[in-house]
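In the two complexes that follow, chain A is the common piece, with chain B as its partner first and chain C second.
Presenting the complex of A and B:
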């Protein structure tokens, strides 16, 4: 059974058809690429997927269950969690606190727990803290745990976003342009991190512009253009697809 | 230690707080002990609003409504208005529930709003409550309109009335000092509960919402529920303060719950340092005392110029305003800001 099945997703804003009949599947523990020119609808698709927007048409099935439309927190709790193209860490919280927030949906202590602060609550807090430290080590930010998130470098903030997302215990991690603005070495580190996440049994859906970078990672790639699915196939198929080349380079220019 | 406990205050500070009303009475007179009592209610209000504005980042300009709801709840349950005379231990939980209900009811419609829009809508709600208090006189006279409700039972626990002087271990305990200790107890409890929340899973979630609501929701935080919880809790603190206010003052009327009061409490929180309890307490005490300190302006003018040049109450407001402007110009993050606020103002 596929982990994620999006069927015939359409979404329009006023007169603009942002997505039209887009379908996509992600198998468990696989890496799927989502590429396309600027304005192709990739981020809109992410927003529909993660409950930020309600689709006009189409169905979303995750691990056999329909995804709750328009309810981001329930999507995240179902095991589908994302990062953002324009990084959205909690800027004034510490790096460790950022990741600790990720554990919220998996933990339970409430108001009375906070007030009485009994042994169960203290144990849970300790587990959250240790889990967060573990994840920071995993993405290579353990030295930065006490820093304020906004003071981190761009690349480090992307890693922090991923650590925070992993804290929710996802089965599918959706990354929106994880290497935008990064240099070659940083791209290599990110690719290595993505492969490690997959090795841990978590599937990934990755939006990216750089076809060559994503082709080395993904089993399958879906290409969007003008809100429609232009092509779907293995990395090699996509790179050889004349339609895809045309969408990226324009009519008859570079041959 | 996972959750930092409130830092243990040195003994002398504790003694200072206990002896404060005696010292003030000795040095400045009984009137100032009354002002001190009211100042403690301001602290209670500011600590409540801090949950909403400081922790969860929801700009609320109608907070005084909950103070009003609490005050009228006490007034209606302990006055000749309906002939009810409930004891404090029964009024308090009722008032807590009523205030929490109002917090949720007024918070609910604002869940989708942010920033300026939220401020305007909450301001409207604050005014609606006041207008209701002014007009709920027909067909059944509930609030008694602008005249307000009088002859409210004094705060009392069993036979112990806080409106009368007592003698404890041979030491005379003036009513106002007894009230001070009662209010102090509530303030300490509020500070304790607030502090525990700040360093809990819930407090962390509120801060995440304050920083970036969309990212918070995407990480599995039920932002609607968390925001309603902040509104309800803030309202409870405000409502309890209102109940104590009604019992202390003996009468309530709608004019105590105007927009200006909401703004004043917000000033206490912002000026003291949003999100930081010490700052909020300092801000509340400062703004509660400042107008009183400036009260004898007419007398000073008489003394220096042998006539009153500017209407004292106008001058008082002017100086008050100037103080706020100066403070905000030089310390925009507040007197004692939280770590995060200080960074916000000084890193970028």
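Presenting the complex of A and C:
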């Protein structure tokens, strides 16, 4: 059974058809790429997927269950979590706290429980702290745990966002342009991190402009153009597809 | 010196009450960027409900501590339910409307609460039952009533508990996350609507406590008392830096001190040209001065740019 099955998704804003009959599947523990020129509808698709927008048409099935449309917090709790193209760490919290927030949906903290602060609450809090430290080590930010998140470099904030997303315990991690604005070495580190996440049994759906970078990572790639699915196939098939070269690579965005 | 210490003590008492109310404004503002103008009226309702309950219970021969506890619990219950109702019925439907719409609604809700209270309790003044806590002790010439002690210690306890909740607990972390980036918080599995409801619950509970305190302190309650009190607490929140919790506490206590010192010394300072009835002018003028030189308040930072 596929982990994620999006079938015939359509979404319009006023007169603008942002997505038209888009389908996409993600198998468990696989890496799928989603590419397309600017304005092709990639980010809109992410927003529909994660419950920020309700689609006009189409169905979303995740691990055999329909995804709750328009309820982002329930989508996250179902095991589908994302990062953002424009970074959204909690700027005034410490790096460690940012990751600890990610554990929220998995805890049972109520208003009275928080004040009562019994042994169960304290144990849970300690486990969250340890789990968050573990994840920071995993993305290579353990030295920065106490820093205020907004003081981190751009690349470090991206890794923090990924650690925070992993804290929710996802089965599918959706990354919106994870290497935008990064140099070659940083891109290499991000690719290595993505492969490690997959090796941990988590599937990834990655939006990216850089086709060569994404082709080396993904089993399959879906190409969007003008809100429609232009092509779907293996990395090699996509890179050889004349329509894709015309619509996307033809713009010469990355040489 | 004795006058000075006396006014500091009086100001501290008043300031603690302002701080409790100011927190209600600043908590809601921190998450929704909404000035909940109806918040002061929750304090008024807290005062009137607790007054009515304490009187009734005393009428049945209930001992004073039990009657007080009952009055406080009842006031908290009523205020919390009203706070939830306000959020659900008045503010939530306007969540994605322009910011001015919920602001005007808040002013409207303030009037609704005020006039409903006038219908229920009448337009007259209600004297608060004598709690027997006003017999002052003298400490180095300064008069301290047990009630002042209860108000100051009780408020400081509540303020400490709240700051702990926000800064140290998992729930507080979720509240701060919601305030700093609601979309990201939702996409990490936080039910932000539930967090918003909780914020109103906490604010309303503090308002109820403040209502009982202010009623007992001035020994009077009236359906319009929420207006001026709310205005001052809002002022305190702005003075400290709206959205900043420690700022609300600092602003509340400072405003209380300013008001008490103004009341005590304005006559002396101005050769009796302005008397203690100008104390509000004095404290609001100070506010204007602070905001002229530090527009984001004493502890406030400019709101981070939202992308």
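For the reader, a short list of remarks on this structure follows.
Keep this in mind: the second predicted complex is superposed on the first by the 248 of 255 C-alpha atoms of A that agree within 3 Å, B and C clash if a C-alpha of one lies under 4 Å from a C-alpha of the other, contacts with A are read in each partner's own complex, and residues count from 1 in each chain.
In the analysis below, a contact is a pair of C-beta atoms (placed from the backbone, for glycine too) under 8 Å apart; a residue touches a chain by one contact, two chains touch by 3 or more.
Note that the structure is predicted; figures quoted are calculated from it, not measured.
With chain A as the common reference for superposition, the partners chain B and chain C occupy clashing space.
In the superposition on chain A, contact is made by A:86 with chain C only, not with chain B.
When the two structures are aligned on the shared chain, A:126 is found in touch with chain B, with no touch to chain C. Looking at the shared chain after the overlay, A:168 reaches both chain B and chain C.
In the superposed pair of complexes, A:76 makes contact with chain B and with chain C alike.
Judged by the touch definition given at the top, the superposed model places A:105 against both chain B and chain C. Look at A:138: by the touch rule set out above, it reaches neither chain B nor chain C. Comparing the two interfaces of chain A, the one with chain B and the one with chain C have residues 50, 52, 72-73, 76-77, 81-82, 84, 88-93, 97, 100-102, 104-107, 109-111, 114-115, 117, 121, 124-125, 128, 150, 164-165, 167-168 in common. Residues 50, 52, 72-73, 75-77, 81-82, 84, 86, 88-93, 97, 100-107, 109-111, 114-115, 117, 121, 124-125, 128, 150, 164-165, 167-168 of chain A are the ones touching chain C in the complex. For chain C in complex with chain A, the residues that touch the partner chain are 161, 165, 169-174, 176-177, 180-181, 183-192, 198, 201-202, 304, 307. On chain B, the positions that touch chain A within their shared complex are 2-3, 193, 196-197, 200-205, 207-208, 211-212, 214-223, 229, 233, 340-341, 343-344, 347. Residue ranges on chain A touching chain B, taken from their complex, read 50, 52, 72-73, 76-77, 81-82, 84, 88-93, 97, 100-102, 104-107, 109-111, 113-115, 117, 121-122, 124-126, 128-129, 148, 150-151, 164-165, 167-168.
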